[in-house]
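Quick one: structure below, then a few questions.
Each chain gets a letter, A, B, C, D, E and F, in the order it is written, and its residues are counted from 1.
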Amino acid sequence: MGKILTVGEIMMRLQPLGYKRLMQADTLEVVFGGGEANVAVSLAQFGEDAVYFTKLPKNALADKCVNQLRGFGVDTTRIIRGGDRMGIYFCEKGCSQRGSNVIYDRANSAIAQMNADEVDVDALFKDVTWLHWTGITPALSDNAVEYMRKILRAAKLKGITVSCDLNFRKKLWTREKANEVMSELVNYVDVLISNEEDSKDVFGIEASGSNITGGVLSADGYEEIGHKLMAKFPNVKYVAFTLRESISASVNNWSGILITKEKSFKSKKYTIQIVDRVGGGDSFGAGLIYGLVNNLGEQQTIEYAIAASCLKHTIEGDFNITSVDEVMKLVGGDGSGRVQR
Amino acid sequence: MGKILTVGEIMMRLQPLGYKRLMQADTLEVVFGGGEANVAVSLAQFGEDAVYFTKLPKNALADKCVNQLRGFGVDTTRIIRGGDRMGIYFCEKGCSQRGSNVIYDRANSAIAQMNADEVDVDALFKDVTWLHWTGITPALSDNAVEYMRKILRAAKLKGITVSCDLNFRKKLWTREKANEVMSELVNYVDVLISNEEDSKDVFGIEASGSNITGGVLSADGYEEIGHKLMAKFPNVKYVAFTLRESISASVNNWSGILITKEKSFKSKKYTIQIVDRVGGGDSFGAGLIYGLVNNLGEQQTIEYAIAASCLKHTIEGDFNITSVDEVMKLVGGDGSGRVQR
Amino acid sequence: MGKILTVGEIMMRLQPLGYKRLMQADTLEVVFGGGEANVAVSLAQFGEDAVYFTKLPKNALADKCVNQLRGFGVDTTRIIRGGDRMGIYFCEKGCSQRGSNVIYDRANSAIAQMNADEVDVDALFKDVTWLHWTGITPALSDNAVEYMRKILRAAKLKGITVSCDLNFRKKLWTREKANEVMSELVNYVDVLISNEEDSKDVFGIEASGSNITGGVLSADGYEEIGHKLMAKFPNVKYVAFTLRESISASVNNWSGILITKEKSFKSKKYTIQIVDRVGGGDSFGAGLIYGLVNNLGEQQTIEYAIAASCLKHTIEGDFNITSVDEVMKLVGGDGSGRVQR
Amino acid sequence: MGKILTVGEIMMRLQPLGYKRLMQADTLEVVFGGGEANVAVSLAQFGEDAVYFTKLPKNALADKCVNQLRGFGVDTTRIIRGGDRMGIYFCEKGCSQRGSNVIYDRANSAIAQMNADEVDVDALFKDVTWLHWTGITPALSDNAVEYMRKILRAAKLKGITVSCDLNFRKKLWTREKANEVMSELVNYVDVLISNEEDSKDVFGIEASGSNITGGVLSADGYEEIGHKLMAKFPNVKYVAFTLRESISASVNNWSGILITKEKSFKSKKYTIQIVDRVGGGDSFGAGLIYGLVNNLGEQQTIEYAIAASCLKHTIEGDFNITSVDEVMKLVGGDGSGRVQR
Amino acid sequence: MGKILTVGEIMMRLQPLGYKRLMQADTLEVVFGGGEANVAVSLAQFGEDAVYFTKLPKNALADKCVNQLRGFGVDTTRIIRGGDRMGIYFCEKGCSQRGSNVIYDRANSAIAQMNADEVDVDALFKDVTWLHWTGITPALSDNAVEYMRKILRAAKLKGITVSCDLNFRKKLWTREKANEVMSELVNYVDVLISNEEDSKDVFGIEASGSNITGGVLSADGYEEIGHKLMAKFPNVKYVAFTLRESISASVNNWSGILITKEKSFKSKKYTIQIVDRVGGGDSFGAGLIYGLVNNLGEQQTIEYAIAASCLKHTIEGDFNITSVDEVMKLVGGDGSGRVQR
Amino acid sequence: MGKILTVGEIMMRLQPLGYKRLMQADTLEVVFGGGEANVAVSLAQFGEDAVYFTKLPKNALADKCVNQLRGFGVDTTRIIRGGDRMGIYFCEKGCSQRGSNVIYDRANSAIAQMNADEVDVDALFKDVTWLHWTGITPALSDNAVEYMRKILRAAKLKGITVSCDLNFRKKLWTREKANEVMSELVNYVDVLISNEEDSKDVFGIEASGSNITGGVLSADGYEEIGHKLMAKFPNVKYVAFTLRESISASVNNWSGILITKEKSFKSKKYTIQIVDRVGGGDSFGAGLIYGLVNNLGEQQTIEYAIAASCLKHTIEGDFNITSVDEVMKLVGGDGSGRVQR
């Protein structure tokens, strides 16, 4: 198996300790995260050969970011250094009826301002056999749409498998713009990942009979959406959904479904006491790619992806610092949290 | 609308981090709080023009306290500086079957020792249209009974609306003394606030059919108590109860009821994963005042007050650092804690 | 009543703050703990005259450990100082589906390498009327088997009551070795304590009809095991079980049963939001000894032991920093966690 | 005396704890600071009626900033809310031979993008008798040059005294641009403040015989520069210099000189063990304004300003949290740091 | 050698981290300290059998205090529990030209309100051969003067050696009151300890030719004062002075002199980079007692006492956590701070 | 230029925050360090291609260690995983007259127990042109002597340049054993590094006229020692000394000398306010290798090495996180610590 490349923005994440509000915080914890970087880190923890591509400025903050990615075993040698700044986001963790609050300060980041000609696709794709991206990247800027188009075309030409997480961000672009851009770019995609809302937000394709804020989600409805998506994008072989039922900011139900043209595969459903839900979807994507790349079979793949992302919810920060053994233990049914000694 | 004045004691609160016991704590977090100050801060977050009155010594600890109140937008210019010390309380946060533990060290505070003649009621009430106080203040000392009497009389003469939270504190006075004093002072009150226990503790008026430590509370019983209170205090137009069902120190059910002579208005009931329950009642009082002052209508007022105080339970410290928008979002039904991005 | 002696290893415990993984932790919290030391500390909090015996090296880490034990009122004057090192363990706290993770670094500790002749049993047992040990101690080394044999024989000769917690540790020895050694040493025991798994692990005696990782435990099955244990060890007068139902790493059900030849006494069952479950069994042992020593009666003894250990789950660290009053309040039914003020 | 208005940018400052490098920091301390805001806060601590004007976005970070300023007693009611972001800077504290390191991320801040027409000079100057600004503000953007010109013209028309700290920032503009803009704007200034380098950087006017990195500075040379500056800007009545001799990042000598057309006034020189040198110049400016506004006389004014800023170097963060009493005690000669008890 | 008893008040000390001002501190470090308790802890670290007597309330804060003293090996069994509160003091650490700032909140402490009849002098002095007290204790209240008189009389009757540190506290009493009370109580004293100021403050006996805030102290002058003190109090055999030269709050010179009727013994002088100077005098007292009790000889005794207290200045908190070996190493001349490895 | 390989032990370092003693510390900071690993990290910061070889167990602690090394850009792919444990050391930072205190717990580490046959020298030296080791490694065990002999022989055969830092550790072996082993192994060395004491400790070769604890060191004496060392080890081309003058644990003078057969090159001397002196010598070694590998010339090389290690003393932890630019700025004379902005 070759290298798995992910492409996108990584931001500095600043967060009050515990459940303090930003107003109350004298110190902020610093981690780094971003949809595609999170997938790369998670894959590296699973032992995969993960390469992450972005553009970061030449300063100590970006050095710190690169050191962390490299520390987790991600290949950072293809990252371009230059530009003005890296994106920042402030995250205030929610609890019970109070939702988490995110303040983005990501405009004018190096990766948002990067030009398509800065990307040398041949160097970028050296030894790569899988490309993962999300809907956040083209939402960054018009430049980003352009270089993502260039990257995706090259991937297709090189016969690389492409996965995409729709990841709609309403603070970055409108539903209309998202629809227009993604309707083009998803044509290059083989494996399409979505949460319970993104398909509707981006393409207006809705899950019948589900009420997201209310809670219980209908897996059947998502099977239907999956087929509609495959109809719209004939290149797509797999559609996978994460199904989050938000009981509160502290407790969520979490399950998934993997859909092929022929059949659907539903995962177990976990009730999770949340430590940190940011990056939950990304850890699902990493688990899904791991399962497909390692030929676990569809049922085991969706179980693996959901178990991996279940564990992510118990881990601070964006990154899913979990090994294959730990995921497999949960897939095998041991979610009781007993101490091993 | 004019200014809303609250009058009482504010203390330094010292607390171990997380769930550590005092015995284990090498560092203590410092915040400030007190029933009436908490109401003032909450009202200021709602955009109201809140004035807080107390007496604080001339030292750096009290300066720190004033800076914090002022930072939250409370008018602190009427605070008197002098006296020996400010009250302190140590708070050990409980969890599951272990209740929170509070050690008060508040005797001889400046506000407890203040004399009635130090209070210039004309200056104090300048532009004020609403006065809020709680049963803690007259419990501080005989001096305090005297200046509260003076303040309440002046408020009545000036046509100011008066709200009072019964807030019985058995570590400050006996039930008998409380009954005697409050039976006099509540005559000046228009809006009376109580939790599920205070009416019994102060006036011996009981909710039939409720078992407080056991859990489930009967809203009907509280309607009855409300009417008895209005019978005893004919000036009272509204009685409001918070109804706390303590499943454990970590999980409570929380609802409220607003009672007029004609009708009762019950709120939704929330199941809360508690971050910090201190100040829960005060945030209810602030929400209630906000609703009445802004003419939300009785049903919306009790929903607002309960939603505001539900959110308070998810926030560290005494103060309810929550905006009208956040409360209204919860009133509108979104308590699922989804991240906005 | 005389002194209660406990004998075993105490380790330095290093742990990330909150729910951070070891990989993420820049700082580690330092506490000390070990089965028998935990029992001694808990008994000292209950007002008993607890003596703790171990061997610790002559360095500042061991000084720190001794200071902490002494601070909690444990008599540390019989501890031998010398040897190379004290054991260390790293503990990563679990949450929800992610279990806690423990890394032991305890080989070659002073207490594991201590020789039987270093133990002066007459000095050790001065004024002692109760001896408590656990199955961890003989598992440390062959030396340890030898000095435990010497200690137990001396205890028997001196007419001291002996309690033992089976505490099987699969990282220290095999089931076969444990069976062999414990089959000998438990002959000296009057009160035998086990969790829901130890009897099977050590002696192959199983609870019929229970599925431990699944959850629900059958108290009847444990009654049966208790009788089998008393048949195997005729000297044993009491067998006590803790019955843990692990819903997740965050929530457990917790109850116990105390078995005599004639009758069994089941405790209430608590659903616990866990702060720290390490030392839960030890706090049960301490509660049990407290109940028996103070003649609370069997039913009250098991209720006391389970309530004490329920509270331990809400307290950080190995030690159960809880007073008799706090335990009795919970035994009396007040587990709702209301603030006293 | 009327209000003292300061105008400029305030940034969020993020800093590792102690002497950690950014690369090592898992948490960052959050404070706020900026040349003109620092002056306002310091003046408010001295009991002056300080008003601070800037533009800040509508988000929780800016709310936090406003709360802090308001907490320190600064009038924040004239601040405009809107725009995209507030500036951020990361500060790594130096020690011994390692200098402090600052990373600015301030481009596109609300105040840099503000238009001159957003400024209502009549409202802005209500009750104001003194205006303070620094060379940082016009360096922010061309917009900023424009609104500073508008503000300064209005000040002149209203007869307001104007003080300016040259504060050259080579990361914001070139020496040429600075020279051009400041040569115009300083014409509106009555009191001109400079450190030992700014006059040369901005206007090319040099101190003869001083070697700044080497250490010892010649006060006589600065007297000469002062007179050259007054020759270039006839409106300037006072020129004041801070003279920093950097022994190392940990120890600096610190003194000042106040120059009028007739005479020069040199302060004592302090050798300072530095806690935080950021904001040192601003605290000097505040002290100078305090002295002039309160008619302390020139010698006492420069002593006050230097003593105030000496104390600032011992205080964490940008703000000089020091009272008039504390400064006066140091002016009076008590710098031995004895404990008062 | 028998037990060494110290008698006085211990307070909770709350302090910002590092050099933060109280205004800036969100968390406060908690330690305990008080002149006589500090001496007891230091003596226990030196291996002496130290007993500490005070009165503390029955609450978790005092439990914490007792646990810490006991942890350091001090015998706490003679402490009386009861009364309303324990004293608190807030300490803001100074640096460079900014002195440390202490806010006392110690009025109405249990030990200040204790009556002489609560003291059972026979139980108190069991096995005691040395009594140490300071001038702080009788300054607490008139009650305290009375019980100190009772204690000192009993000590004299029992032939116990008595040492006293003058420790004048101007926030507790006037120079006149101190003079009156101490002129009586010091008659019971054998070893009198003073810093460079106390003799003048309490008895008006001055060191000729020294300027304390300025810096350099004349040892000869202190010899003269010593003789004057011995003339006034014929029972006094030794007078010892600590001579602090405060260069700044960060750097002090530190030396001492021990005076007998026949001869004076001057110590080396250390230049100290201060970590925490609180308790510096107390650690000198403990060192002096250690030297006298162990017959080190006068010269070695004063060297030991000064070296011990020099080390105290490098240790956080009130307590001097230093062993005899560490002190002796410094006495022996190794103050270069090399790492041993 | 090829890769630079360093070989040795890396330990987990646990340290109280600030200047707390171990006795006082509730939390410990975790970093990793060891002589040869420190050199590798420093070289990687200088942009060199550094490879680090050791053996580490398969557990989360060692994973964390590898992640950190990898994060700093060190090639960790040649590290062998296996064995029982990694070494730990506890470090208590000194100040002023109190020296730092180190407690090693490194016995039985994986690298101490590694066998020579586990080392595949061909794989180990792939693309390597420089090997660095220290006297700590053969001191670990007899095994270690054996594999170091194997490694050094292979290096010699492959024509690799070898540097060695004598680094005597009296807690690991005796002077006699060190002399015997190092007298053999240093025969393979081209560049020999020593501090002011090691040559005497290991080979009994003394610097005439220097008094190390006293302070001032004679550079001439070290020239003489250098020549004696080159006489004893004819293969050695360069001898380099670090010359530390320990004024106190807080302030050291720091300089170096580089000696060839023909000439000696003395560096500037820096007076350093110490943040963390551990790793000071290692950072010198890294600087020296950088200078030699990059042909800076002898004078510039010793200046670079001393400046690099001067900066290390201002950085927390074992690793010298400093870039070539930062070192060159200091070499160029800018040690005044001015802020760049």
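As a working rule, contacts are C-beta pairs under 8 Å (C-beta built on N, C-alpha and C of every residue); 3 or more make two chains touch, one makes a residue touch a chain.
In this text, all values refer to a predicted model and were calculated from it rather than measured experimentally.
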With one step meaning two chains touch, work out the least steps from chain E to chain F. 1
Could you work out which chain's C-alpha centre is the most distant one from the centre of chain A? E
Same or different: do the copies chain A and chain C touch each other through matching residue numbers, with over half of them shared? different
Top of the farthest list for chain D, CA-centroid basis, is C
Taking the mean of the CA coordinates per chain, how far is chain B from chain E in Å? 45
What's the distance between the Cα centroids of chain C and chain D, rounded to whole Å? 62
Could you pull out the residues of chain F that touch at least 2 other chains? 18, 21, 23, 26, 67, 101
Enumerate the contact residues on chain D facing chain E in the complex. 18, 270, 272-275, 307, 310-311, 313-317, 321, 326, 330, 333-341
For the complex, which residues does chain A have touching chain D? 14, 17, 21-23, 25-30, 59-61, 63-64, 67, 84-85, 88, 90, 92, 101, 103, 105, 107-108
Residues of chain F that touch chain E when the two form their complex: 18-21, 23-24, 94-102, 104, 169-171, 213, 215, 246-251, 277-278
Footprint of chain C on chain E - complex, ascending: 67-68, 70-73
